[in-house]
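Letters A, B, C, D and E mark the chains in the order given here, with residues in each chain numbered from 1 onward.
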Amino acid sequence: MVLSIARRVGRSAVVVLLVTMAAVGLLSLAPGSAAAVILGENATPDAVAALNASLGLDLPVWQQYLTWLGNAVTGDLGTSPITNEPVVDALLARLPVTVELAVLALLISIVVSVILALISATWQDTVVDRAITAFSSVLLSVPAFIAGPLLVYFLALQLGWFPVSGWARIGTDGLEANLASAIMPAVAISLIEIAAFHRILRSDLISTLREDFVGAARAKGMSRFYVMFRHVLRPSSFSLITLVGINLGRLIGGTVVVETLFSLPGLGQLVVSSITSRDVISVQGIVVFIAVVYVVLNMLVDLSYNWLDPRVRKAAV
Amino acid sequence: MPALEVRGLKAFIGTARGAVRAVDDVSFSLGRGEALGVVGESGSGKSVMAKAIMGLLPHRSGCSGEVVFEGRDLLTLPPKEREQVWGKQIAMVFQDPGRSLNPVVRVERQLTEGMRKHLGISGSEARERALGLLAEVGVPDPEERLRNYPHELSGGMRQRVMIAIALACEPDLLIADEPTTALDVTVQRQILDLLRGIQRSRGTSMILISHDLAVVAGRTDRTAVMYAGKLAEIGATRQVFEAPRHRYTHALLGAAPTIDHERHTPLRLIPGSLPDPVSPPSGCRFAPRCGAATTGCTDPGPVVTSVGSDHDVACCHPVAAPAHSGGDLVDR
Amino acid sequence: AGGGGVAGSAAAGADADAGAGTEPVQGGSATVVYLNEPRTLDPTAGSNNTPGNAIVGNALYGTLLITDPETGEIAPSMASSFSTPDDGKTFELTLRDGLTFSDGSPFEASAIKAQWERHKDPAAGSSYFADANQVESIEVTSPTTLRATMATPVPNFGYSIVTSGLNWIPKPEALAAGAEAFDENPIGAGPFTLQEWRRQDAMVLVKNPAYWDAPRPYLDQLTVRAVLDASQRINTVISGGADVGAESSWENVQKAKDAGLVTDIQPLSGGNYLALNMRRAPFDDIRAREAVAAALDPEGLNVSVYTGAAELVDTLFAPTSPFRTDIPTNEPDPARAQELFDELAAEGKPVSFTFTSTSNSESRATGEAIQAQLSAFRNVTVEVKTIDFAELRTLQSSKDFDATVSSAAFLDPEPRMWTAFQGDSPVNMSGIDDPQLNEALLKGRTSTTVEDRKAAYTVVQERLKALHPNIWMTRNASTAVSGTHVGGLTQYGYGSLRPEMLWVQE
Amino acid sequence: MTAEHTTNGSVDTLESPGRAAHLRDGALLTVEDLVVRFRTEGGVVQAVSGVSFDVLPGETLGIVGESGCGKSTTGRAVLRLNRPAGGTITYAGERIDQVGDARMRELRRSMQMIFQDPVASLNPRRPVKEIVVEGLAVAGAGSQERAATAKRVLEQVGLGGERFAEMLPRQLSGGQAQRVAIARALALNPSLLICDEPVSALDVSVQAQTLNLIEELKAEYGLTVLFIAHDLGVVRAISDDVLVMYLGTVCEFGDADIVYGEPAHPYTRALMDSVPLIDPDRGFAGPALEGDVPSPLDPPSGCRFRTRCPLARERCAVEEPQMRQVRPDQSVACHFPLVGPTAPDPIPTAGSTS
Amino acid sequence: MTSVDPAVKTVPAVTPSAADPHVPVVRKQRSVLVAFSYVWLGLLILAAILAPLLPIAPFDAAAGPPRESLQLGSIDLLLGTDQLGRSLLSRIINGAQVSLVVGAVAGLVGAVVGGVLGMVAGYLGGRVDSVIRLLADAMLAFPPLILLLALAAVLTPSVSTILIGLSLLVIPTFIRLARANTLAWASREFVTAARNVGAGSGRILFREILPNLLPTLGAYLPIVMAALIVAEGSLSFLGMGIPPPTPSWGGMISDGKDSIGDYPHMVFVPSFFIFCTVFALNQAGDHLRRRFDRGLS
């Protein structure tokens, strides 16, 4: 057990290492440099070179990487040369927004998709099921950048229910304002997820419904809904959990479209601004962070299998 | 009054190719406390019949006829009332105990949920009863077992748990659909003995379904033989096995090697295979494989004929009855 | 008041349709949305214009000088006087008495010297290097006065200050504490002080009680937020999610007007233009430039990109400018254009160029519109290349482009016309270096009478028209919008919103 | 079935050291002390622990035992489809456990296997005519030769005609699929055929067809057959010798008639007794066995059957019984065999239905 | 018993009678949708290929006044015009080229590269598997946005850059899918059977396992393609899409999104096409899966 955990952690470390190397490699190929960004339009090549040297950006890429890595393992992700903000601070400031957004979006999509999938599976192949499936196809083709403006147009401009843009913090603005500012972005993200989740859960539910134990539970006289909830849902949720894990990982780094649209101070915006200003230090920090989150989430997903399926639990002992 | 009376039961299952005529016009009755064995090859419609009686047919299926249980036609019962019958009056034990227990729910819940619903008893009462039931079906260490998940039990234990679940609300009728197919012979033996014992001691009516003739032979009062969705023969177990009249039953008995079969001697064959269940032959469905078939077998086809005090057969050219078994053959 | 002898009566426009009432209300708070967040609060890196972070600079550091909203002339602010005794060779600046930084320390002329010298340092990366570099040396003559000696006489140097970061003076000692510490706690003498800056989210500013111009600022608190997406930005103001917005998009200005918001458009001359890079093919050939100029229809661009809401640069100077002449900037002539395209193609030099666009949607739309218009002609092809922010920053020094959108908008042609079209100017995008033009620009710069300057700029216009280094498109929409409950919507310079003037009615 | 429980006086003298007692010379296949382990997430499963048996050329050895006792694993180990962890396998004088991979690939062709689940052993996406001659294709036979062989072997198993050749496995019934599997084995002209529960998935009627087919082919080609099944009746119908296994170990090995007639191991006896009879009066031949099969992850010490054995004593828990011959053509691994000098009083066998 | 009277060997089938229970027919209606889907995709591909030959306005020049709504009459104005007065119909048809190419090529490249890697990993196991899984994990853990943004910064955005970026995103998914399926198939008895007749690894991998993998990957492909078409749109939104004037559906939506209140057709026309195509691809995927996996697995 200990060994297998150690192996997993080791693997994950290698994954994270590969990811950061790829990030450095990629960005080192991009034209422009942080120094040029700082010095701007009137920069002379000499000034750029001097600033690069003072930032340590004139060294070979691998050397920069190793230095960075050395600091990173001690928890020091460096300071952005562009904003002069420590990367860790920048990350921590953005994290709550992105996490709230991602979690809220996933909650919405899970709740909606589970309900829809239960309905679809229960009344499989009926008009209801077909209608829901068609609806999920519609959702699948509505990307966030179009869902966002639509939501804004109807819910914010026409109805005035939610603020058009901006982020309200729980601490200062209160939970209600916070949720109001998060709800439309979260919904915009969740639409596609709803479709994907519905799809996968529906087919798993249907195959679980064919299992003998479902018939056995019905034969005990348990009602349809009881059986759906108590007996069918849990064994059908493996693929869903996997998908949720992967998507949560991806959303942590990937809510940029709605963050831009709704001007939310999340990781996505930080990513965009860091990349467009060639802030390699910040990008590295974000990449490491997201990769670690991803890896950890995947481990959690694996752990959740244990909880979901006692058979796995036994095997792991 | 019989416990269960099935009249003209048809259960068709819709597939892309058309309706599978899985059970096609089956009638029989089952007395109180009686054990009926149902045998037949794989795909002959045994399970579908059991499910049709329960009302648990899969999606896209149709069912007609009558299933009269305790004076009520189960097929026309509203769903809510049917749920009251399930588990409480009719219980079912399925083929594969590994698959008919929910792998992610503890034994305790699976065992008590039915009791709590039907008997309206509290969790602790249900638990008490569950312990008693487990002891009754011969599960060692019931306390521990309640905490287990199904995969932590052996196959025989799982099947005992299934039986305990079926018995939980003291049903009047127990339908066991191939309850031992997935088990080893020695364990199968234990389960069969257990079922027979329960049926005897509690006076429960029972339908025991199996494709293995031998399983049914010693453990039922009456036996029905199904072929391609139709009832070929039904009668007292002894009569069916000792003096099979339907040509199919006869052939089936001949094809199974027994434990005292002479080695290296060829087995008797039934040529051909089961007909397509979507468009089975008209008349006698066994006719295409039957050596004695004549055109009369397909048109008008056989009718159910009584060949003994408790022995009906649907065959145009029944096998001659051995001298001692008696019963007249009325051939049409 | 005012620049020495300047007759820059770029008249004007407090055309802000009167907002709430007329009597300022004390107290309250307001939210302002603008286009771009600064990367740091060091004013050296700031941009004193609408698309930049004008409001943040004004709030934190105040204004040395402003322009009179009525006349467009340089007016005093923290500097009580700014004058040149010698037609622009030297300038004398006098600070008001008793000015203090927000930490209570006195605001002295030495701070101005220190800050202006930072702008002159290439390593500081100031966008206003060229503006600051006009000053050769600075001498602090007393705690409240200083004398700036110019490299060449620039009688209208005041306009360089009001349209640049030279207008914002931080406390030098605070800057010395390092960039990170300064961003936490920037110290200036402006109407507001920084309470909290949540990057890419909001900047919360609170009233500086020691501000010199009491009872301003009226507001107790000001929240400033960048909204990158243009339509979301105006939607935020329309829906009441923000009280005030800075706008640079004509389409949004139109939306704001339609929604009944208060708008204050800074009446600027010049505007956005398509810069054609004369340093290399195909636009090193005047016929190519002329052909494209004749082919493009600015009105069509306006309709495509701004739903027709934009003001076009019909002639270089705005109607309110004293320098206005009737020289049209564009005379579309499709037949002539085709003729030239064919001619060039026949010579084996077909016009084929790349339009370099930023990832900003208007810029891309402009590129596409140009492409669409030119696709109606034979022998001309346009590609659109999108570059990101980092590349844009280097583009201006590398000049690696064929055509791109640039801007020269101004109240007074000083200093923008010079920096945009003078042969030696480092930010001369098109690379034009025409002796006649240079001479006219110098004349416009050094002359002290309106008439002389007008004459000089008439020559400038004629040369530009003859040489086609650029194709003028739309005027800049340096605009402030606000809900009707907001008063005091005031801009100076090149669209620089003055937060101390704002007030809100309950 | 009572009086013949006589003893064979000289049991012990028949044992020869170094080699399991019951192994014979001249066998085509000899397996000695075979051990197979599987590493699973739950721990190491010793699926086969020290199994020895042999098959004489042209004869049929039936292997019986409860589900999970290691029958399939044994069969597969012979073909090295599962790598043995110990023991020797000698086929026609060659040590299969030691030959190289290339040689093994050749050898496999003369030792063919029919797998437990007929449908699963056919690639669902390849037509029958390709499946049956895959072995020839691997060996590099030309397309004409392959076509001819395919036609021949399919006819042999009663699936002649173009119709079947083009079919995909899912279009076949269970019996037909089993025939295709047999045809595939025949295409390589094997001398040893391992049949792993070839009929357990089939209906009685199809089962009879298949068993008859195997008998016919055996007679025609002189095949040696290893026949694995859990159905005692089926094994009886086809085997010369029979090997009874329990939880990875051999219980009993010997001539089928003798073993069926007078089982020496209590487990063999219990198996015989648990087979339901088609006789409505008898039900079962003997008393029921208590308990369930223990987990292979944690087998009992000593004799593995002792936890369910009605005759178990202390010795059974400490000492693992070795195979020994109790009489010619019958060997058993039991401390207290039912046959031989130590045999207990005959236990009753009749009437056990209630 | 063995001789069968030939007279009754072929027996007429039962005729349904009135007493038969009603069995809901397995709806053929679905296949109408499936047919529609294939027809739609076919027409779309055809239109995209034949775009230059069709009698429609060029996609890069104005065909009418800007922002015209849908109208009958002129074929070019049928779906209205965009902000530059370009015919939306023409842009939709030409945009289909880009959108379909992006979907198909990135999807296929991902499927082929990912499929082969996954298959090799799943079958060979051990070190090879370890390395490939590590690679796939790293690719999955790499924030996709950073990858695309960085690629856009390194290479100038163009169809091929976008193809590279999107393929990179798709590959690990297919590695996982192929690997998991290979593991499942490789443990099937028929693989053992093939080994038993002497087949080597290569043969088993490509003759035995691959044919079984193809339907799964093939069924998944349309869904991935649908996702890619939408993803290309998001790139356009972030300003990293296909450079103008080449139309792509995503880009068209992104162009129109700011005027959604005033000129909704500029968003809804391309959205409708994306929807229909995504829907059709999903239907096709489901249909393929049903077709190939019926009675299997």
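Going forward, a contact is a pair of C-beta atoms (placed from the backbone, for glycine too) under 8 Å apart; a residue touches a chain by one contact, two chains touch by 3 or more.
All figures in this text were calculated on a predicted structure; none of them were measured in a lab.
Among the pairs C-E and A-B, the greater number of C-beta contacts is found at A-B. A centroid comparison over C-alpha atoms places C as the chain most distant from chain B. Of all chains, the one whose mean C-alpha position sits at the greatest distance from that of chain D is C. Chain centres here are Cα means. That of chain B falls 47 Å from that of chain E.
Averaged Cα coordinates give chain B a centre that lies 32 Å from the centre of chain D. Chain B and chain C have centres, each the mean of its CA atoms, that are 89 Å apart. Averaged C-alpha coordinates put the centre of chain A at 39 Å from the centre of chain C.
Of all residues in chain C, those touching 2 or more other chains are 231, 359, 388, 390-391, listed in ascending order. Looking at chain D, no residue sits in touch with two or more other chains. Residue positions of chain B touching 2 or more other chains, listed in rising order: 60, 251, 268-270. Within the complex, the chain E residues that touch chain D are 188-190, 192-200, 203, 207-208, 211-212, 215, 294-296. Of all residues in chain E, those touching chain A in their complex are 27, 134-135, 137-138, 140-147, 149-151, 153-154, 226-227, 230-231, 233-234, 237-238, 250, 253-254, 257-258, 260-261, 267, 271, 274-275, 277-279, 282.
Residues of chain D that touch chain B in their complex: 66-67, 173-175, 203-209, 211-212, 215, 230-234, 236-240, 256-257, 260, 270-285, 288-289, 292-293, 295, 308, 353-354. Chain A makes touch with chain C in their complex at residues 30-33, 36-44, 46-47, 50-51, 79, 82-86, 90, 93-94, 97, 149, 152, 156-157, 160, 163-167, 260-265, 269-270, 273, 275-278. Per the touch definition, chain A reaches chain B in the complex via residues 124-125, 210-213, 215-224, 226, 230-231, 234-235, 308-311, 314.
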